[in-house]
Amino acid sequence: MSETTYRTSEDGAAGPDPAPLPLRARREEPLRVLVWGENRHEQTEPEVAARYPDGMHGAIAAGVEANLGERAVVRTATLDDPEHGLAEEVLAGTDVLTWWGHAAHDEVDDAVVERVHRHVLAGMGLLVLHSGHWSKIFTRLMGTSCTLRWRSAHDRELVWTVDPTHPIARGVPHPMVIDEDEMYGEHFDIPAPDELVFLSTFSGGEVLRSGCTFKRGHGRVFYFSPGDQDYPVYFHEGVRRVISNGVEWAASDRRERSAPVLLRYETERFWSGHGYTGAVDPAARVAGQDGA
Amino acid sequence: MSETTYRTSEDGAAGPDPAPLPLRARREEPLRVLVWGENRHEQTEPEVAARYPDGMHGAIAAGVEANLGERAVVRTATLDDPEHGLAEEVLAGTDVLTWWGHAAHDEVDDAVVERVHRHVLAGMGLLVLHSGHWSKIFTRLMGTSCTLRWRSAHDRELVWTVDPTHPIARGVPHPMVIDEDEMYGEHFDIPAPDELVFLSTFSGGEVLRSGCTFKRGHGRVFYFSPGDQDYPVYFHEGVRRVISNGVEWAASDRRERSAPVLLRYETERFWSGHGYTGAVDPAARVAGQDGA
Amino acid sequence: MSETTYRTSEDGAAGPDPAPLPLRARREEPLRVLVWGENRHEQTEPEVAARYPDGMHGAIAAGVEANLGERAVVRTATLDDPEHGLAEEVLAGTDVLTWWGHAAHDEVDDAVVERVHRHVLAGMGLLVLHSGHWSKIFTRLMGTSCTLRWRSAHDRELVWTVDPTHPIARGVPHPMVIDEDEMYGEHFDIPAPDELVFLSTFSGGEVLRSGCTFKRGHGRVFYFSPGDQDYPVYFHEGVRRVISNGVEWAASDRRERSAPVLLRYETERFWSGHGYTGAVDPAARVAGQDGA
Amino acid sequence: MSETTYRTSEDGAAGPDPAPLPLRARREEPLRVLVWGENRHEQTEPEVAARYPDGMHGAIAAGVEANLGERAVVRTATLDDPEHGLAEEVLAGTDVLTWWGHAAHDEVDDAVVERVHRHVLAGMGLLVLHSGHWSKIFTRLMGTSCTLRWRSAHDRELVWTVDPTHPIARGVPHPMVIDEDEMYGEHFDIPAPDELVFLSTFSGGEVLRSGCTFKRGHGRVFYFSPGDQDYPVYFHEGVRRVISNGVEWAASDRRERSAPVLLRYETERFWSGHGYTGAVDPAARVAGQDGA
């Protein structure tokens, strides 16, 4: 299959993600986008429910649909759905997942986080939005605390493009003005991003690396900070444009969803890996299969 | 205190690492280096014990001592020590930790991994050596699978410098020849390193990004791949030089060991953060302290 | 026009590239690819002419056509054409330029190099191939010597993918085997690339960062090292695939070809820049237009 | 010599910089710092002369002396000195050069720029300050236009640290407040920096990547934007601290000042390069020395 980047092993792969995952859709088919929302503020705070009558996830999904049209099929899922709406077969059928959470990060089941993590490393795109910076999935992917400074005081936010050739910046005003938003500022404790696309400044003088890309495993991750339950940011045309651009960018070009695996290779047999049989196994040592 | 980078909060910090940590030694004092070794192969495999009579950790420690002399005080700790030799007060008194593990990654207690992780984010330097690529601490810091390809077949390894200005490359031959070593090859599933210092090639034709730096939180991390229980790599003068350079590079310049924290700041009060009181707290909302 | 990333200045832009450039084609139209070849070895060395009967540029062009089909319109130009085939109107009608040169770097007219540089900074994609590492345009874009080590001794080259999510790596075997090629090795004196896509190893043990991306101004640059006049590398299916992927990657997403400009902006007038009138101009100082 | 990173060639090096350069001082000796100032505003504008009675270069030099004490020996040079004070032997005796220019970039002789460039690639550190962004040496090293947006309107500048582990950030307040400065804002047309250390925001809402490191050849380059002839920025304690930290960071760890060279290596003779004899030389071809 000429399109397949990596040949599979002869003997089967041993590693942290042995389960085979189904092929993703070809690019010619619409992107399968899943917008995940915590959906708690909408239930407990009437003003949030009034601001976002279809939920914040509903507003985000509508923005992607408006921008991508028939290039995407958009669904939503929320925390209170069974398995948070993130069952194995749902993720297997998702090209890009967007994540908004805030009040209930701790309620997200660790097994689901593990599952999402595995799919990202295998090639599912992920957009982490705003307060998702403190979600389990984002801190796990980053390896850092992902802390920052913050203030909810109706700051004006200006979003500046520092990577004008980036596809995520396409058609985004420079700067993009958000009349009111929560302030998120440095120091933002993340690894240096692979690409820094946007910087946001706030009327109080703060700054944030607000649009950052990261590659992890076979997956692409985009963090974008604007957006909050207390401001109608997800109805902002520019914010919707960035999120939609991010969705298209995060979709994998690889045909196959598969995680990287640790394999032993014999000399000159570059494409035929053998499984890892364990680190200290006397029997294996005799067979020359002692560990990496 | 003019040397202190970050002022502390008035109201106390809330975040993943609230515990205050002691100040680290000034640069004028010797670096406090802790060489951690799993020390299992040495116990179960006579040929490894013969190759490394003082343990692999002993060989690594001797190399650092030989290169840094009185610029460092070097101790060792192993898996079978109480708390793996990594108690809170030990880490608090460590500037740079080096990590070699292989056969028993799973036996490392999660609480100790959490503790090491916290200290790295707060400023402790970390060197991860060879098979440590699959250690709990490294995969946690990277957020990826850290898998690679491998073969133990007496390959010659050549270590090439691609960042000749880097302090870790100081005095390292180009290339550095290791007559025999285990092969570790790409694809190595790590985030793109902040700095790529070395590339290793093997007589079988493989290549690895073998010397990589990563900043995480306030800590500096260096991964260096040469070194294995089945080859006397940790007696190689060049390998010892790189590890010693890495130890000096990884030591923090910050006076204070403290983790990044999430704090709320009022407008124009840049240095006086308030604690985070929780995401959906009606009482807090009244006081205008609702969450980030 | 909602697609336009940057608004133009009211007063006109002053800077190193004041000339307005025409709009590039929309993505729906085929990419306009220009394959530039020095075409000297083909004239002076019969064995090269025999190896590449349509010239090296002809072989490269055929590979792009074979891979991109109707997604691209491919033309060629050579050193001996008037203005080296790189007149202003030709570049204005080119989305991506590929560059192969070797024996006659010095014969490339500085005015043409300046022109190509200006178009790259304004958004034209550029692929620099093999010995183009020492071309005037590449060293000018990099700011370094771009030296490396080399040997033409029929080495086997293996091309390893280190960024498996990159669009340029799509469908490329891992590793890709080139039976014979010139050796290019580290240290390759380039800036650290924005993205490291491929590493090449050679049967002699050397390694090169052989596939590197760089963003410069509004342009995207891809350097790819395989390919030489003494080996039939540009008929290799994998090499052709990489070059074709690179062409698609290097094409700009911006609607408008325009160079970054230095402009003065009044407070709160983010989109209306004024021209720069010079650094020490007393008259201008009176008018409050003194220099940046 | 065990400290020497690169062995020299047997046959002599051929490349863009064949001239041997003298050894730099050992680290134990004081850093030899040369502060270069254009010194034109001081002559033509009385208010600048009043603000900076010893010249801007004098103020910068005094700040480095105050911070580094006996760790540095600081000299100054200006545009109107013979050879702009940058003769070959001066550069050969300089570990780190700082550069401030603005009104007279065009008056800097190209031969001197070439010389400085050669020394940077061979290992001399370079700090480019403020309006030096448009100097010949900086644009040559970057390969881009280095344009930005600007306004001189007494903006308050806040300098935020985004890389708290970086040695240049040591002891720098977060944020650092500069009561009045010229505004420099994005988009700043530079290559993505190797390390982004500081971001500056301005009271008008703009932002700049204001502290950026770049490695070029064997040299380290630090760009730092605060500082202008119309504001007393170079008397600011924090700005002086950053510049002094930058000077220490930019000094090379390599023993030898030498530029990268292009050399031919025979198989298995990794340390003995042969000179490059030209690209199309029939005689050389017979001898198997045809070009890279």
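Before moving on, here are some points about what is shown:
Order of writing sets the chain letters: A, B, C and D. Residues in each chain are counted from 1.
The working rule: contacts are C-beta pairs under 8 Å (C-beta built on N, C-alpha and C of every residue); 3 or more make two chains touch, one makes a residue touch a chain.
If you're wondering where the values come from, they're calculated on a predicted model, not measured in any experiment.
Identification of common neighbours of chain B and chain D yields A, C. For the pairs A-D and C-D, the larger set of C-beta contacts lies at C-D. With centres computed as the average of Cα coordinates, no chain lies farther from chain D than A. Note on chain placement: the centre of chain A and the centre of chain D lie 38 Å apart, centres being C-alpha means.
Centre-to-centre separation of chain C and chain D, using mean CA positions: 26 Å. Annotation for chain A: residues touching 2 or more other chains are 158, 161, 163-164, 174-175, 185, 187, 192, 194-195, 205-206, 215, 260, 270. If you draw each protein chain as a dot and join the dots that touch, every dot ends up joined to every other dot.
Against chain C, the residues of chain A that register as touching in their complex are 2-7, 123, 158, 161, 163-167, 169-175, 177, 194-195, 215, 218-220, 252-254, 260, 270-271. Across the complex, chain D meets chain C through its residues 15-17, 40-41, 44-45, 102-105, 121, 131, 134, 140-145, 147-153, 155, 182-185, 187, 189, 191-192, 194, 204-206, 214-217, 230, 259-268, 270, 273, 279-280, 288, 290-292. On chain C, the positions that touch chain B within their shared complex are 156, 158, 160-164, 174-175, 185-188, 192, 195-196, 199, 201, 203, 205-207, 209.
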